[in-house]
Amino acid sequence: MQEQLRILAGKMLADGRAARVLGWKRTDFETAPEPSFFTAQDDLSELVYNKYCAANLSGFMIGAGKRDGVTVVFLKPCDTYSFNQLVKEHQIDRAKAYVVGVSCGGNAKVEEMEDVGWLERCLVCTKHDHVVYDELVLDESLSRPEAQDRFGGVTRLEGLQSLERYEFWQGELSTCIRCNACRNVCPACNCKKCVFDSAKYDTAAKANVTTFEEQLFHIIRAYHVAGRCTDCGECARVCPQDIKLQLLNRKIIKDINELYGEFQAGQDTETLGPLTAFNADTDAEPSIVHTRG
Amino acid sequence: MLGRTDLPNRLRVISGAKDKDCMKCGKCSASCPSYEKMDIRPHQFVSYLQRGDVDAMMNSTTVWACLCCYACIERCPRDVKPAQIIEAARLMLIRRQGDTPYVSADDIPELLDPDTPQQLLVSALRKYTK
Amino acid sequence: MYKVSATQLTDVLNTLAGTMDVFLPIRKDGQTNFGLYAEGVQADFDTLKTVKPPKEFFLPQSESLYKGVVDGKDIHIEPAAFADRPFVVFGMRGCDVLGMEILDKVYLGEPVDRFYEARRGHGCVVALACGRPASTCFCKPFGVDASDPQADVTAWLCGQYLYLEPVTERGRQLTHKLEPFLQDADAEDVAEYRQEIRERLEALPYNNLSLDALKDADMLEVFNSPVWDSVCDACIACGTCSYVCPTCQCYDIKDYNTGDGAIRYRTWDSCMYSDFTLMAHGNPRKTQKERFRQRFMHKLVYHPSTAGGQLSCVGCGRCVNKCPSSLNIVKIMKSLGVS
Amino acid sequence: MQITGEQTFTPLITAFCCNWCSYAGADLAGTSRLAYPAEVRIIKVPCSCRINPLFVLRAFQKGADGVIICGCHPGDCHYIMGNYYARRRMTLLFSLLDFMGIERGRTHLEWVSAAEGAKFAATMSGFAENIHKLGKNRRLEDLRCKSS
Amino acid sequence: MKRVGVFVCHCGTNIAAAVDVGEVVDKARLERGVVFSAEYPYMCSEAGQTMIANAVKEHNLTGVVVSACSPRMHEVTFRKAAAKIGLNPYMLEMANIREQCSWIHKDKDDATKKAVSLTSAAVAKVHLNTPLFAGESPVTKRALVIGGGIAGISVALDVADAGYDVDIVESTPGIGGRMAQLDKTFPTLDCSACILTPKMVDAATHDNITLHTYSEVESVEGFVGDFTVTIRKKARSVDMKKCTGCGACYDKCPAKKAPSEFEEGLSNRKAIYIPFAQAVPNVPVIDREQCIKFKTGKCGLCETVCAPGAIDFEQQDELVTQKYGAVIVATGFRPIELGKFGEYAPESKDVLTSLEFERITNAAGPTKGALVRLSDGRKPKSITFIQCVGSRDTTPRGKAYCSKICCMYTAKHAMLVKDKYPDIDVNVYYIDVRSPGKNFDEFYRRAAEEYGVNYIKGQVGKVVDMGDHLVLQAADMLDNRQITARTDMIVLATAIEPLKSTKPIASMLTASIDTNGFMTEAHPKLKPVESPTAGVFLAGACHGPKDIPETVAQAGAAAAKVLGLLSKSKLTTNPCVAAADELACNGCSACESVCPYGAIGYEDRQINDHGVRGNQRLAAVNTALCQGCGACAVTCPSGAMDLLGFSNRQILAEVDALCR
């Protein structure tokens, strides 16, 4: 597959159809390829594709769309949802992207450059098909890790007592170093001025001075992408402290699915998101929080 | 134990009836096939409950005359459920009666009328016992 | 040199904790960070690198400087107290110890930072030799000997013993407290272990980087290098590299409205952030390229130019390990000619 | 000390009311002299859809023990559909807070029309009583604000 | 920093009895930026306002806080006073220490503490207030009336008579509406057609009125003073300019099987037809579903007989776009479907709705005015009227409201029957007789007393059609007996509901409807003819059940409101509108998707963010459309959208102050 991608990229650059190719580049460590723009055919020998190419390249397309010419981008099935969502939000110029859908058999979790199993997101993956592409490069031989219940973690937490949940989150969030990697890697977090960087609202604390700051940051981070989060799992992947950030996002997704009907952000570029729509007759009252589980 | 004054509320709980919603249109009594056999008529049952006279309801012939056809419930424009009030009054009566049923299985052959449909018999057994 | 049986480690820690705060590596949910020791806490000396460097005990991620309390239309200033409680950071690695040296140059040089000074004055560092250095390590080029880290006390966890070698007076005071558990030992006892470590280091990919190319680098030439144009393409502008770096030293000063006044506090900052050194007219470094360049210019050019050639990197490899986009300082150094 | 503290605990409650229904309902409660606890402090917003989740979190941060949101009944929104948006937003927010272990009773939403002065007073009294039972907000507090 | 003045009102003893006003004044003085703080017994009085004015001048105040009653009461008063002395009115805030404090809290300490807190929140907010200015928008001097019944005709005539252009859009082929179907009207029993037809002709011939019959509103854009409406003129298949109304076409038309809408389906009409003899306009329309030419391609008889050549089988729907300053909704009502009321045997030919009965008694109706049973043509010996069929019914099959007109038209029907056929036995089953209009009760009593109509208090539980007669079972509530009676004809006073088209029209206009589907008024007492959406007015039964006099009265009131609007040359707009920060907006369109008023659009613009220049898709708020709800401000992921007057910072400042 890697070779097919190199050939495809080479052709696109050679015949001038593309100004650049966005893919993953070889580094000193096999387990740590780097997202990179290729503009010269000669550099394409550095283009790699393997199970360590975990980075979702959709977010880089926001910037790429502002540059001249077409950018070829390689997207795994789950990445295409982010791409679609960004097109829907007018953040990516679809006309300036040539989307090459690539097969994915799951991405590896890497610790100290060692392969230590699968990324959590790949164990619960539901996004097996590309929802947007100009061309597909598929490898049918790739098999995915055995699927687990996507909402299992959320359900387990929901089953706990309120105080237990509180303590669980205190434990998780107290390790947060506020590096903002979860925010910055998130394709949906594309505000020009993040509320946590803005001096306008007394919200820019930069680091956790009290437990409240940790809670505030993570509540707002998760809520801010409510209805827009495709569950691409990048936030949890990049967290240097391995905080189970996906649980917050998935809780919201689970609520949306249960209360307002199944919704997958990025499935298409037209459907109104669940927070910009409503159903006057069937929407639950907030008090449902008291009666559920 | 509930005191005597709580009887109306107990009746409301058992019946699930909304006596306060009644606007006295009379549609229940207009719909009732057993009307002539009742000393207190379906619409009056609602009024009796409104003023809390449960004893009178329990001692009425109505509780035995009601066929539970539920026509009054079907047609009531305010969803008051008169038949359920009658039913509840009868239940309270039966419960007060305790273990001595109004009719025992042994009495039945005596009372049997060859024209009585089977269903009515079954319904009567249910009606006359707890 | 002393040794203490590994089985008595808990007693050693409990004894220390009786007179001072003890910070040591603790593992939680697969990640290890320095944390406060208390009875029952299991220390993790196996993990090589904590996620967060131990610099936070001398330069906390956030600390209050003073508080302004409003009383009607008057404001009273209440300065924050300086650290006055002794503590020990137990199990710092050689790279992190060197990191403290670099911080000292900044915070203890004129003008002296009194908050930092107070913490430095009350803190003792027990450095631990790296039994299993990782593939991302490259401390040797910076002069660190991972097999013999120099701090107040040097320690080796070797075989069934913890070996302790007090280096400074403060270190001697610390080992003095532990006398009941200590047996005498000889430097020879750890020699083999040290040799093992050195051999392991030799096998690492980055162990023999030559930093010569940076030595006589011309500041403007590096600044204007075309390398910067594309090397930051993958940077997502998060602060992971800065916050896991033992030498990153920048902070921001912010005010917090408490309702009855304000707390003025300082908090770690990262030059990767768009609001780093933000001023009314905007950010002086307008693009990510410039912010990215700032970080490496500072570490590799600016700092050495004022610190006798000492680079502001200690080769701990944390950024290599943690960067979400697989960028790191080695990659930058290499693109600037390091081989 | 703590026990006495709990005994004298007066909760602080922030109420966000939409201008057209609930704020008017609060006025009607006043005009009708229907008492509810003085610790309820009302902030007027044009519509329940104006309430940003950040406002709710800020109230807790600054010392509120409970936050209640009031808007026009579904179908009655002065802005046609604002309360429907608010309903979804607040449902998800309350649920997320619950998920993070913040006590369920600390947040509430109630539809109160301009005609429902009595309902407004009863709602506020009931909510205040619940908060009183829950005690001081400890799980979503900002200790920096508790200096004095 | 602003220089803020705080003015605390005693409101006589209304506030002062429960709140230590002096304490509030003293505490306010300690607030940031407060340079003046004072109290007065009645702030809203002339003297109180003067006190504010003097203080503003003397202390150079740039922000004012009045702690007094509800802002809903006096905010306008104080803001006007501020404007008079040259302070922007939006630099004034009120703290509600009466309705939300002194009137409800008995403990003086608690109330005082709360008053201090509310005042400090207002001070915190006013620090962040910015001067706001109302914009202006133009007024198109033309009105659109949707619905050509008596409501629409009345309002159109009133507006047109005042000199403004009015268009009426009517979905059926002719105007007149329900009133045209009626025989007589209560309580005077005068002929409906006699009083309606002249109005219809007036409307059709009025120089300022344009009729769009057989037309529907396709889309509405814009806002008060400046609506742009597209009207779909459905293809009539007859050229209105050429048609002379001779009627030859429908005389000759061989397709006779279409149920007549006007006759409530009691008789048939042709495929080419006019709804009724006096139809305005007197131009037929071809029902393409029924027309043989359209169905098979053969026939075309009408075309052959039409001398002026007006028949046009090729005619297409036409879209007309027009600008209007005001829109009046007058879409009317219809009787509900009776499918779920099986106990009344609604399928029986001799069980009629009241509207069907109107046609039976009408001399121009399907029986030519002969009162006969539709099943066998016999004259009935007994007629039974049943009231409240589906009305006052809270179950899902009914309508919870009183349909209001039934009591009186039933009295009318009963009287008409008795008048013509005194031998017919007339019984009316009722729950309550409601007759509160002028001369209404007298009218009802006349039916009972003079005409001998039997009024029986009680409902009918069951109706059975026995073929040559009907049997009903009912209750007589006053005699406490059950009645089983024979009758020959039953008339059901069927509940009325708004037309199905009301909902789509309301959503096009972004006007609201209630749970029953009726249009909502802006205020039940003080704004009964305005919709909450500015520039949209209501007339007739689209707003709730109404009889003719009430409909005409509301139409007149709506016309007066429309005239008030159209007579203005400019409208001032709400200054508390949304505004996007161009440096934060990333053009994601979230705000656009939640705006109830379609007030947000997008434009590509170059922006300069502290020296970083670039093109950016940006949200742009149409301030004339924006009503200031704030939905966009909350939905905006970037925090770029904010609401002037209720900005994020202002509300957060209030939260901070109140939680202190």
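In this document, chain identifiers A, B, C, D and E correspond to the written order of the chains, with residue numbering beginning at 1 in each.
Rule of thumb we're sticking to: contacts are C-beta pairs under 8 Å (C-beta built on N, C-alpha and C of every residue); 3 or more make two chains touch, one makes a residue touch a chain.
Source: prediction; values computed, not measured.
Enquirer: Going by the contact rule set out at the top, which chains touch both subunit B and subunit E?
Expert: Touching subunit B and subunit E alike: no chains returned.
Enquirer: Going only between touching chains, how few steps reach subunit D from subunit A?
Expert: 1
Enquirer: What chains, if any, are shared contacts of subunit C and subunit E?
Expert: Touches both subunit C and subunit E: A, D.
Enquirer: Per-chain C-alpha centres versus the global one: which chain is nearest?
Expert: Central by C-alpha mean position: chain D.
Enquirer: Measuring centre to centre, with centres taken as mean CA positions, what chain is farthest from subunit C?
Expert: The chain farthest from subunit C, judged by C-alpha centres, is B.
Enquirer: If we define chain centres by averaging CA atoms, which chain lands farthest from subunit A? Would you check?
Expert: With centres defined by C-alpha atoms, farthest from subunit A sits B.
Enquirer: Go ahead and note the Å separation of the Cα centroids belonging to subunit D and subunit E.
Expert: Distance between chain centres: 33 Å.
Enquirer: Between subunit B and subunit D, what is the gap in Å from one C-alpha centre to the other?
Expert: The separation of the two C-alpha centroids amounts to 46 Å.
Enquirer: Taking the mean of the CA coordinates per chain, how far is subunit C from subunit D in Å?
Expert: 46
Enquirer: Where in subunit C do residues touch at least two different other chains?
Expert: 256-257, 259-260
Enquirer: Of all residues in subunit D, which are in touch with two or more distinct other chains?
Expert: Residues 53-54, 62-63, 75, 81, 85, 89, 144-145.
Enquirer: Multi-chain contacts in subunit B: which residues touch at least two other chains?
Expert: none
Enquirer: Where do chains touch, given as pairs?
Expert: A-C, A-D, A-E, B-E, C-D, C-E, D-E
Enquirer: Considering the complex alone, what residue numbers of subunit E touch subunit D?
Expert: So the residues of subunit E touching subunit D come out as 70-73, 96, 98-101, 103-107, 110-111, 113-114, 117-118, 121, 510, 512, 514-515, 520, 532-533, 576, 594, 596, 627-631, 633-635, 643, 646, 648, 651-652, 654-656, 658-660.
Enquirer: Mind pulling up the subunit D residues that touch subunit E in the complex?
Expert: Touch residues, subunit D against subunit E: 12, 14, 19, 23-24, 26-27, 29-31, 33-36, 38-39, 41-47, 49-55, 58-59, 62-64, 75-82, 85, 89, 121, 145.
Enquirer: In the complex formed with subunit E, which residues of subunit C make contact?
Expert: 72-73, 257, 259-260, 281-283, 286-287
Enquirer: Show me the residue ranges of subunit E that touch subunit C in the complex, using the header's touch definition.
Expert: 30, 32, 609-612, 656, 659-660
Enquirer: Taking the touch rule as given, give the residues of subunit A at its contact with subunit C in the complex, in rising order.
Expert: 27-29, 32-37, 55, 59-60, 111-113, 171-172, 175, 177-181, 183-185, 197, 202, 204-209, 234, 237-238, 240-242
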